[in-house]
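Please go over the structures that come below.
Two complexes, one shared chain (subunit A), two partners (subunit B, subunit C).
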Partner chain A sequence: MFPFSKKKNNSNPNDEPEKVTIYKEIDKNEEYTKKIFSADINKDFTFRTLTANYCQKKTYIFFYSSIVNSEKIYNGIVRPLLEADGKTINNIITIESLTEIKSFDKVFDQINSGKAVVFIDGETTAYSVDVADFQARKVGKAENERSVKGPKEAFTESIGVNVSLLRKRFHNQKLIAQTMLVGSRSKLEVSVMYVSDLVDQEILRNLQKRIESLSVDNISTIELLEQYLEERPYSLFPTILYTERPDYAAQFIEDGYIVLIMDNSSAALILPATFWSFFHSPEDRYSRFLFGNFTRLLRMLAFAITILSSATYIAVTNFHSEMIPPDLLLSITSARERVPIPLFLEVIIMEIAFELIRESGLRIPNPLGPTIGIVGALIIGQAAVEAGIISPIIVIVAALSGLTSFSIANTSLNHSVRISRFLFIISASLFGMLSLVGALVLWVFYMSSVKSFGVSYFAPLSPKYKSTGDMYFRNIIKHEFWRPGQVNPTDKTKKNPNNKGDSTNEKNKFKS
Partner chain B sequence: MKKTSLKARELFAILTITVGFKLADTTASNYAQEGKNAFWLMPIVSFLIMIPSLLLLMYLLKKYKNKNLIQLIKKILGKHVGLFVSLIIFLVAYSLLIVDARNYADQIKILYFPESPTPIIQMIFLIVIFYGAKRGLQSIGTSTYITLPYLKISIILLALLIAQSIVWLRIFPIFGDGLGVLLLEGARRGSIFADLFIVTIAYTAFSNSKAFSKGLIFGSLFSWIEITIFFLLYTTVFDYNSIDKRAFLFHDITQYVNFGVFFTNVETFFMVFWLGAAFLRFIILIYLVSWILGETLNLDEFEPLIFPLTFFVFPLSLIAENTITNELSFRNNLFTIATPIFIFMPILLWIVAKSKGELKKI
Partner chain C sequence: MKQLHLGSLILFTILLAGCYDRTELEEQSYVIAIGVDLTDKNGLYKITFQIANPEVGTSMTGSGPDEPPRETVTVEGTDIISATATANSFVSKELKLDHTKVLVLSEKFARSGDLLRAIQVSSRTKQIRGGVQIIVSKEKARDFIDNNNPKMETRPHKYYQVMLNRASEIGIIPNTDIHRFFQITEGDADLFLAPYASTEIDEKPKENGTEDGYIAGEVPQEGGSRSQFMGSAVFKEGKMIDVLTGAETRIAQTLDNTIDLSDIYSTYEDPVDPNYRVAGAFAKKQNTAIKIDYKENGTTKIDVTVPFEMEIFAIPSLTNYSQNAKNREKLRKSIEDSLTKAAEDLVKKSQEKYETEPFYWSLYVRNNFKTIQEYEKADWNKKIFPHADITITYRLETLEFGKMIDDTHLNEVRD
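Take a look at the complex of A and B:
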């Protein structure tokens, strides 16, 4: 629509070296590279000069010393060049990856991403050797999505390690780890992982287009990428699943979902996501049928309590007090006798206090950790009640709704639920149950209109798709025959329904 | 209208909410005015008198593939007559919605918010309805289906709890004031099933016509049985003496039940689900009515109509001086007027289509 402004946007000063091809004269190459990388002030930009043994020509090696493995450089590049004899460089440098490059923009990209680039006098081709060694944490335990039964490994801040953690769980040649670049100033790799003969090509293309069309200088972590990719940034509900557990991500991969992984983030993104994927926890599947579903039941209860308990309390006591049994009503009234402020304010004060304790508990330096618990419990539980600011019943109600919110393990949905709670409290204080139910209806309507990469939020419950039926409750593992139909997997059958995939006959032998 | 991925189950839910929900509003007391203790037999008559026309309409829709109710009317009756008939359908559907909206607002006010003015309650009601309807048909179908189990569980719970107050002999005399009255008055109120006709405006939006037929058949049968069972329940609980003196039979029986000896006043518990269903019902109806008007006026986009149509419910529903006029005069008369319209419309369509010879061609 605006051809001129568009052009302007595209012309980035960084794009300048694109046109420059590699010179034949090695000194020119050296000079140009050094200039671009400001070699005189850039401390960790390193180069080495030597004369290659095999062709007796002057050779330069450029790299960032801070992000490469120096041992690899010595054993893999320097020593062979000095000592080995052969016809071409391919026979000399025997490290796994050796790429030929023709232009300088590639040279810079390669050096920036931890490779060493070799220039040889008289050649218009440079060679990039993968010696990258970015510092990263070791594989640790999952801290935010803990489980009692099940693997404990978590993703770490290295793309290579993360891909390896996923490949470890799904041994198949069709598991693709496609690499895409994001960012125009700092180009970082995003690994798009999927099983190529399961994934829905339309969703995959849509995702690839979205990633390609990002025009932004730098997206350094997956948490930022999530916000660039999602459809409705203002929405109350998350549409991309964020998890730090490789086992959970692997479960999704084998069902035909797509997983995104990046350096610098100890988590993966899974898409498309539905309400159910946020609601479930990987442990539900690891536990036996009955135990897992019992946990689900508890979580549902917690979900209802956390969004509705405070709001219902306000609505019932303020507008429908005839509903409360007389004995209970009396005890509520006598507890509130000394409290001067209205009930709505009381609840809001407590809820906000709880959120504050929770927030400061997260941010507080570790050594001070226990203090917050003591101060919080003392002030809220004891002092406020004794001072007559709030009634003890409110402490119970707010603590209940606050504590149960932790059982929604997923960090994204947890926030949605906590914010919704305040919406319901406010609506309940307007017109009691009338406005509370109205708000609830609108909330459900809003949720059911949310889509993640074209998949409805409540699928496969409605709209219906063939699936394992893993929604409110899960099925027996042996009876999971179909892949979730909402993501339109190419191979819909997980297991032949006629063959239960178990050894029933063998088991029956022991029955009699 | 774009196709949605709605299937039979969503239509079933939509019909159970729009039609089946009549068991819980003042329709019951409207019936009881005439039928006395035999009023539970009247929905059977009402349903039976509507069903041939409904089946005929479904037959026509199937014949003329990919046409919804209004498109079908226009195709068969031509541009001008079609427009006229469509407008009548719209007016009837909209009027039914308006009197119902007032009726519901009055129920909420009288039973739970005696000190709040009706207009304010009406306003809150309409605001929720507007924002709900704005979300579109897919959302309506999904949300209705998701909430349906909770609403039905509450209803079943109520039926179980009230079971101890039932005296079966109260159904006698089996025909109440006489079979003639039942047949005539039952037939006159056939339009409580008018929503079955209105919903055919969404015929083309469902994933396929088979799903629609399936949803319509099961949805209407289920609602019909549900209504009849609950009317029977009211009869056996209240007997002939008091049945026609009660205004809100559903809310009355919620006052009779209790959860053990501790929770004795649980009517608000049932009211929550009742309210949820009421919101859903009007969201569905306002969406369908807007659609009918949009299609009648040949608009490409009918969703902008939702706002004005919802807005005008407010002043129009407040025309009735009080709830008695609204209920006994407006609503009652509208039932009588609407019934023949919905009965004869499909017959008229069929006769014209037949005489044009279009049925054989397709």
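Take a look at the complex of A and C:
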């Protein structure tokens, strides 16, 4: 059925660098390390020699000056070694993390990830001290998933900050931030976050295996990791939710989902994802019951208009002109009298024009931004109609379908919908309404066959699961009793349905 | 390889079969009105198509201001659909009947009994909708369509739509379409009423003082469009037999539950001062109660009650009806009586002259029979209805006097 769905191939045996243990002679260690890091040409690779006060032995400290905090090195390592007195190094270096290392491959990993490694003469153990200070942007506002009501923070490109943003929202000792490394040449940290007494162990294990079995030199961002992890790379529909909002990610964590965070990535991945998670926006829940559901209604309308308006227009005008009210029919006909191209091409031209404006508007340098709006609107809206290339009604149809597509905030689903639109336009031009409805049915069939980590795309609607019922419309928050059953959370009850727990009695006092 | 085969099979199916009935809008002409006239030959008709010009009446730039809003062509043909092909010998675009609003029949043609033969095609093709209105014109259909030249609604479809809607809303013509024609004709029990219209206005109009006692062509008019819609043509078994006046058409529709009426403005005799008439809006909010006491041998009794509401808006005699209970009772009785009398006259006429009724009452006798055969054998329009004993009651449910209770007191004004 799906010739393009790909089976995961097993990882190739990795080329492990030979393990070299640390020598007893410090000069040998120094020489080897310097050689590996090409110290003579690598400018920010720094080392420092001193004689430790507590044992009166020669000591070397290696680190990358560009990714460490030099103040910390001075106050946490150099000064204690020079001045403090004590029995073991553990009592002298008082910085929070001090790790003992026995082999050189570990030494290199530690230095690469921003730690300082201390060698002491006559010892076969090196000590790694965490003094990392990678440069990162401050926590900013969410740019792509904006909200009016609700928190404004967004993830930033630092794993530590991102984990902190999530922990801040869920205070519980069971919230695990398990760290895994991806990439064999450049090892980057991926943090798998979940609540250990909620998450489904099977999904978790599956995810861990997928991450472990990745055999690739380098995965630099979470956007690439998403593509390494997904089951059907050729599929039209996204199966992993991508969000830049920590509050949205936290909502999923407490429902038993798994969140992935990665170094250098200002977004999180949430899995397993369903159609609903792409369709919803966090603000739907922040707004009050009626307001949130009104937004949902608008979004559904926008969804339908985006995928079907142009296609329906083609189907109706080309095949079923009897469906159009006579007034409209006559004005469309009179507008088309002087248009040289078939209606189908007219629609395609306009849709592509809109996509082009959109794409170039996205890439255009900021100072040039206003130009594109003026030129685009003028050319497409006015001049093309006056030149008789397209009829004015097409401008309305295309603009409507183009603009409404933006109400689907999720960038992944937004693309799916915009591409689907062209499928429907083509199918409508083949046999009219018949093929349009046929294509729509197949499209829904396909969508319902998609699975994300074993969870059906339309769950909990189909197959049915016990859940909060948050699908087309959301319930009153007080009446959300169950965690979504499709992710099989260990604790299924979110709130005891028997205990209203909403201080109804207290409220009734003021009712009359 | 197998997938390739399957893929190419699907692709070629789509490429070869796709788009086969696609037509661009500007390659079609939209026929708004169809007219049918008799010719000398049997089975051959003159068929007229009125085509809307899409460029007139739109705000689009560049449309030729000299172009007429409609084009009317006539060809000879045996039926409507094949006539469109003949018409294409001199009309450039494909004629589409999807948007046809009216089917105009000349009275001569309607009386000839050939109607079924000529419009039978509409039940077979999907091109002519069931909702197309039938209009019977006093003159030739071609003349009617030609003379129908409204000044304000230049787009022809708009004119027919608005004209027919309003006229049937106030009841002076029946709102009946092709679907109903087939329904009643094939049911073979009742009479079918079609709007009666004319563009030939009598030189000496009939003057009878009431507002609806006319048939089309008799209404005294000055200015405006030359076409009049008033009254109805009576069809029995697919053949036109008579014409009802506007007043009779209104009465017939109040007795019929399958037709919706809105407000009928009409005048009634002033019971206190017979020199004047009282004007009011008649409204039927509830269904007419039709009770048929069917007797296989003997006289069937039909009991009809029409509940209605009346809002009086003009009392030219300035009689105090609103506050005087005695007067009010008089007015109530007078209105009920005049309506009942009119209805009884119409029923009598249909019993004696037509031998069946235009009210679709056969629906209410059908539940006395177990099978269709039994019902057909009992024969509503030959045996039951013409001999039935019919009582009609108009019952005024509420009587209102508009927003002002009191009238001008004439004696105080002229003291």
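Some notes on this structure:
We take it that the second predicted complex is superposed on the first by the 493 of 512 C-alpha atoms of A that agree within 3 Å, B and C clash if a C-alpha of one lies under 4 Å from a C-alpha of the other, contacts with A are read in each partner's own complex, and residues count from 1 in each chain.
Just so it is clear, a residue touches a chain if its C-beta (ideal position, glycine included) is under 8 Å from a C-beta of that chain, and two chains touch if they have at least 3 such contacts.
All of these numbers come straight from a predicted model, not from anything done at the bench.
When the shared chain is aligned, no partner comes close enough to touch A:F170: not subunit B, not subunit C. Once the two complexes are overlaid on the shared chain, A:F289 sits clear of subunit B and of subunit C alike.
Once the two complexes are laid over each other on the shared chain, residue contacts for A:E322 go to subunit B and to subunit C alike.
By the touch criterion stated above, A:S456 is placed in contact with subunit B alone, subunit C being left untouched.
Of the two partner chains placed around the shared chain by superposition, neither subunit B nor subunit C is touched by A:F47. Looking at the shared chain after the overlay, A:E337 reaches subunit C, while subunit B stays out of its contact range. Residue contacts after overlaying the shared chain place A:Y32 against neither subunit B nor subunit C. Of the two partner chains placed by the overlay, only subunit C lies in contact with A:S429; subunit B stays clear of it.
In the superposition on chain A, contact of A:K464 is made with subunit B only, not with subunit C. Of the residues of subunit A, those at positions 319, 322, 431-432, 435 touch subunit B in one of the two structures and subunit C in the other.
Across the complex, subunit A is touched by residues 3, 14, 17-19, 21-26, 28, 30, 32, 52, 54-55, 57-60, 62-63, 96, 98-99, 101, 129, 155, 157-158, 161 of subunit C.
Interface of subunit A with subunit B (complex): residues 316, 319-320, 322-323, 325, 431-435, 437-442, 444-449, 456, 458, 461-464. On the side of subunit A, the complex with subunit C involves touching residues 3, 317-319, 321-322, 326-327, 329-339, 342-343, 392, 429-432, 435.
Of all residues in subunit B, those touching subunit A in their complex are 4-7, 9-10, 108, 112-113, 116, 121, 124-125, 127-128, 131-132, 135-136, 138-143, 145-147, 262-269, 271-272, 275-276, 279-280, 283.
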